[in-house]
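In the two assemblies presented below, chain A is common to both, partnered first by chain B and then by chain C.
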Partner chain A sequence: MSAESTRKLIALAAIWITLLLAPYWMAPLGGYTALATRVLVLGLAAMSVNFLLGFTGVLSFGHAAYFGLGAYGAGLTLKFLALSTPLALVAGTLLGGVCGAILGTLIVRRRGVYFAMVTIAFGQVFYYIAFQWSSLTGGDDGLRGFSRQPIDFGFFKLDILSSADNFYFFVLFCFALVVAAMGFILRSPFGRTMIAIRENERRSRFLGIPVERHIWIAFTLSCFFMGFAGALYALVNNFADPRGLHYSQSGDFVMMAVMGGMRSFWGPLLGAAVFVVLQDYLSSVTVNWMSFVGLLFVLVVLFFPRGLLGFIQRSKA
Partner chain B sequence: MNVLEINNVTKRFGNLVAVRDVSLSVAKGELCAIIGPNGAGKTTFFNLLTGQHAPTSGRIVFDGRDITGTPPHGIAHLGIARSFQRTSIFPTLSLLDNVWLAAFARQPSWRGLAWRRTDRYPELAERAMAMLDEVGLAGKAGEPARAISHGEQRQLELAIALAATPRLLLLDEPAAGLSPDETQKMVALVRRLKGRYNIILIEHKIDVVMSRSDRIAVMHFGGVIAEGPPAEIQRNAEVRRAYLGGIAPP
Partner chain C sequence: MTQLLLFNVTNGLIIGAFYVLMALGLSLILNLSNVINFAHGGFLVIGGYIAYTITPYIGFWGALLLAPPLTAVIGLAVERVLIRPLYGRDPLYSLLLTFGLAFMIEDGTRFIWGPQGKPVTIPAFLAQPLSNDLFFITGYRLFMVAVVMIAVTLLFLLLRYTRLGIRIRAGTLDLETVAALGINVQMLRSLNFAVGIFLAGLSGVLAAGQLGLEPTMGTGLLMPSFIAIIVGGIGSLPGTLVGGLLIGVASGLTAVFLPAASEAVIYVMMAVVLLIRPRGLFGEEGMMS
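The block that comes next holds the complex of A and B.
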């Protein structure tokens, strides 16, 4: 085994051990378990955005729509259909993913700024639907009146509602599944064609890669991941917020991805951690917390164009 | 039977006629060169052959099959590969991955597309290495494509086209921007390919193509003004030196 792959393996082990032990080291540092849970869920969303942005090279500014759809899908399922956490997750994922797949067919022919604009436009459609359709979605107040349910394994029930640690490990398990799926896809020939499209779309086309179809597949996959993250987010808060569909939320996800490092797989998770922890800490000090996060973002983009993780990797090498 | 038959192909962009009523054929094993000054429509002609643009009128028949208006990725799967005048590679990927992608993309069935690991395709890796070896870059297989010299990138460009196992190879000024030494290397490379591939070669430098082509077509203002074996064109070209200016031998 080469030195490089050994180093990668060690880094990977370090990431997972840090995540596994988060409930134990966060408390002494002044954090709390629910904060770690939020980092995981928003990190997953940022990684889904980056699946498109960093590895296919197309910028979606409306991905919060599929995140929000996932949240509403999970919430509505728990409220009206069945008291089952797994079912809520499946419903949220499907709602986000299927809507993404359908709209994706219209979006993938655009490029650059036009791609971003069309994604924003479709995203806002869902925002206004959630905002206006009060009888179903609760409108501006958001969807309330549901809560995550214990996971029933038959021989015992895992209580994820009152035990924050149990819920964290449940979310970590879900996170691991999706991240593994992403990793496998990016290592496959399909992942290689995504990177080829990012690097040189014209060349890819002339090599025989059906570029539009591949961007559509990447977009759809990313929307499924996004829907899943959104469904988890509804479980975190026992609440679905129309602002979770808004394009400013999409902007936050893009910010996390870029701040962490969009050319790296794990960068967006680091970006989300910085974003969430700063938000949690600063918002108790000042209502203008976003100015400080924005300032940090500007500094990172100006001085570490490869993102925080890119900077850390470079200084180690 | 001819590999490629082009019948009266015309391409208009608004009022501009970029390619005017061009007919050309390529026989098996032949190297056919297209020469002409800048703006004569040579690259647009390639763009028509590879599906980048659909011709306004006319027909393109490849292997006995009408391919007029087929999109670029479809053309690639039929077995037409091209190189670009302006180097078009994947800059951050390694040389091997650049060529590997070309070999992979050409596969008829993409089994294991989403879950098989990219290193589980030994036959493709082997083919990619062989193509790098053919253009003399096997020693740099692991380097990122943006790190090699311009001359080497031109060679990589060629390796990418070859990796697609083309039935027809379209080379758009492979020696563009090369030093005299590098040009010599590229000429030798193209000569080695002759006979093994059916080739259409666009070239600016007339001396590069004169001795190597089976047939030469001269394009000017979108139309073919002369076509024939090199000796004939040479005589013709001298007559037209004043007219063609830029393509006359120095």
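The block that comes next holds the complex of A and C.
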């Protein structure tokens, strides 16, 4: 084994141990387990955005829509269809993913800023639907009146509603599944093709790669991941909010990815951790937290465009 | 019924005129510099609040003349300090930066002027309705449409006949060649940005007189302006003009028959246009990819 792969293995072990032990080290540092759960879910969302942004090189600025659809899918299932947490997760994932797949066909021919513009505009469609269709979605007040259900294994029930720690481990398990799927796809020939498209689209086309179809598949996959993250988020809050579909939420996700480092697999998780903790802290100390978040955007873009991980790697080299 | 229809079409045209002013500014900046200016709505708000602040001293007419150039100066400073370093980098960065800037402007105006709405007094004779039957056509609304028409005409004359305008249009097509011909591209981008922000400031003043001022008012106008650009065809300013009016009237008409869908209809229009004619109504082939 080379030194490089040993280092990677150690880093990977460190990440998972940190995540596994989060409920135990968060509290002494002044955090709480629910905060760790939120970081995990929003980190998953940021990683899904980065699946498209960092590894295929196309910027979707409307991904919050699929996140929000996942949340509503899960919430509506729990409220009206069945009191089952796994079913809610499946329904949310499908809702986000299928809507993404359909709209993706309209979007994939655009590139660059135009791709961003069209994704924003289509994302807003879902925001307006959630906002206007109050009889189903609760409109501006959001969707209430559901809660996550204990997981029934037949011989034993896992209570994830009242125990914050149990719920954290449940979310971590889901997170691990999706992250493993993402990593697997990125290592596959398909994942390599995505990176080839990012690096040089024209060349990939000359090599006979059907670029549009690959971008559509990548977009659809990331919408499925996003829907799953959104469904988890509905379980975190026992609530789904139309603002979760708004483009400003998409901006936050993109920011997490960029701040952490969009060229790296784990960067967005780090970005999400910093972003969530900072926002949590700022909104508790000042009413003008929006200005500070805005300032954070400006500073990151001007001074840390490669993100925290990019910055660390660069200064090491 | 006729009156109701007329009322909503007029409303739609007036809203459409706002979309046009906003979207033309956005479009100018997007075409030349490849920057999606998320803070455009913020500049509209700045224009409105500047007008509100200076109206007591120089009156409405003075504010109408002074607020847009003042907004443009602020825009120029922002372009110089924050956006200029990002030209040539991935458009993602300018997008994120202006996105953060929009947050700061919204929060900043709330901090300076307070969260409550502020009225801007307009001259009394403009506030009168023209007749009892057509109560909804006030002098101010006609005046707004007239100002938008004059501004748009002047913009198109500027682009068609002045040296600056010709350079902007040339730069939109091929900035590299324009630079190779010895034209200062940085300066061109700054002036172009300032023209775009001037239009945002102007719409801010006009909107302030009609709707009053709120720190969040710019955000609501941003998305329709995006759609006006996409529907009209990216890269085409006449397209943006038509697109803005079209979605204004469409949402006005929908408000008669299906009020809940009056906002959704513009997204449906966008989807239809993208399906049938992906480049937009007036777009050039290949501009969107």
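In this text, the second predicted complex is superposed on the first by the 313 of 317 C-alpha atoms of A that agree within 3 Å, B and C clash if a C-alpha of one lies under 4 Å from a C-alpha of the other, contacts with A are read in each partner's own complex, and residues count from 1 in each chain.
Basically, contacts are C-beta pairs under 8 Å (C-beta built on N, C-alpha and C of every residue); 3 or more make two chains touch, one makes a residue touch a chain.
Here the structure is a predicted model, which means the values were calculated and not measured.
Chain B and chain C, once both complexes are superposed via chain A, fit side by side.
In the superposition on chain A, contact of A:P28 is made with neither chain B nor chain C. Contact with chain C, but none with chain B, is seen for A:V254 once the two complexes are overlaid on the shared chain. By the touch criterion defined above, A:I185 lies against chain B but remains apart from chain C after alignment on the C-alpha atoms of chain A. Contact with chain B, but none with chain C, is seen for A:N200 once the two complexes are overlaid on the shared chain. Once both structures are fitted onto chain A, a short way to say it is that chain B and chain C open up an angle of 80° at chain A, using Cα centres and rounding to the nearest 10. Taking chain A as the reference chain, the count of touched residues is higher for C when chain B and chain C are set side by side. Looking at the shared chain after the overlay, A:G208 reaches chain B, while chain C stays out of its contact range. Think of it this way: put the two complexes on top of each other by chain A, and the tightest Cα contact between chain B and chain C is 12 Å.
Partner chain A is touched in their complex by these residues of chain C: 30, 34-36, 82, 85-86, 89, 91-97, 99-104, 106-108, 111, 223, 226-227, 229-230, 234, 260-261, 263-264, 267, 270-271, 274-275, 278, 288-289.
Those residues of chain A that touch chain C in the shared complex are 53, 59, 61, 106, 109-114, 116-118, 120-122, 124-125, 128-129, 132, 247-248, 251, 254-255, 258, 288, 290-291, 293-298, 300-302, 305.
Those residues of chain B that touch chain A in the shared complex are 50, 72-73, 75-77, 81-82, 84, 88-93, 97, 100-102, 104-106, 110, 112-118, 121, 160, 164. Of all residues in chain A, those touching chain B in their complex are 184-185, 187-193, 195-196, 199-200, 202-211.
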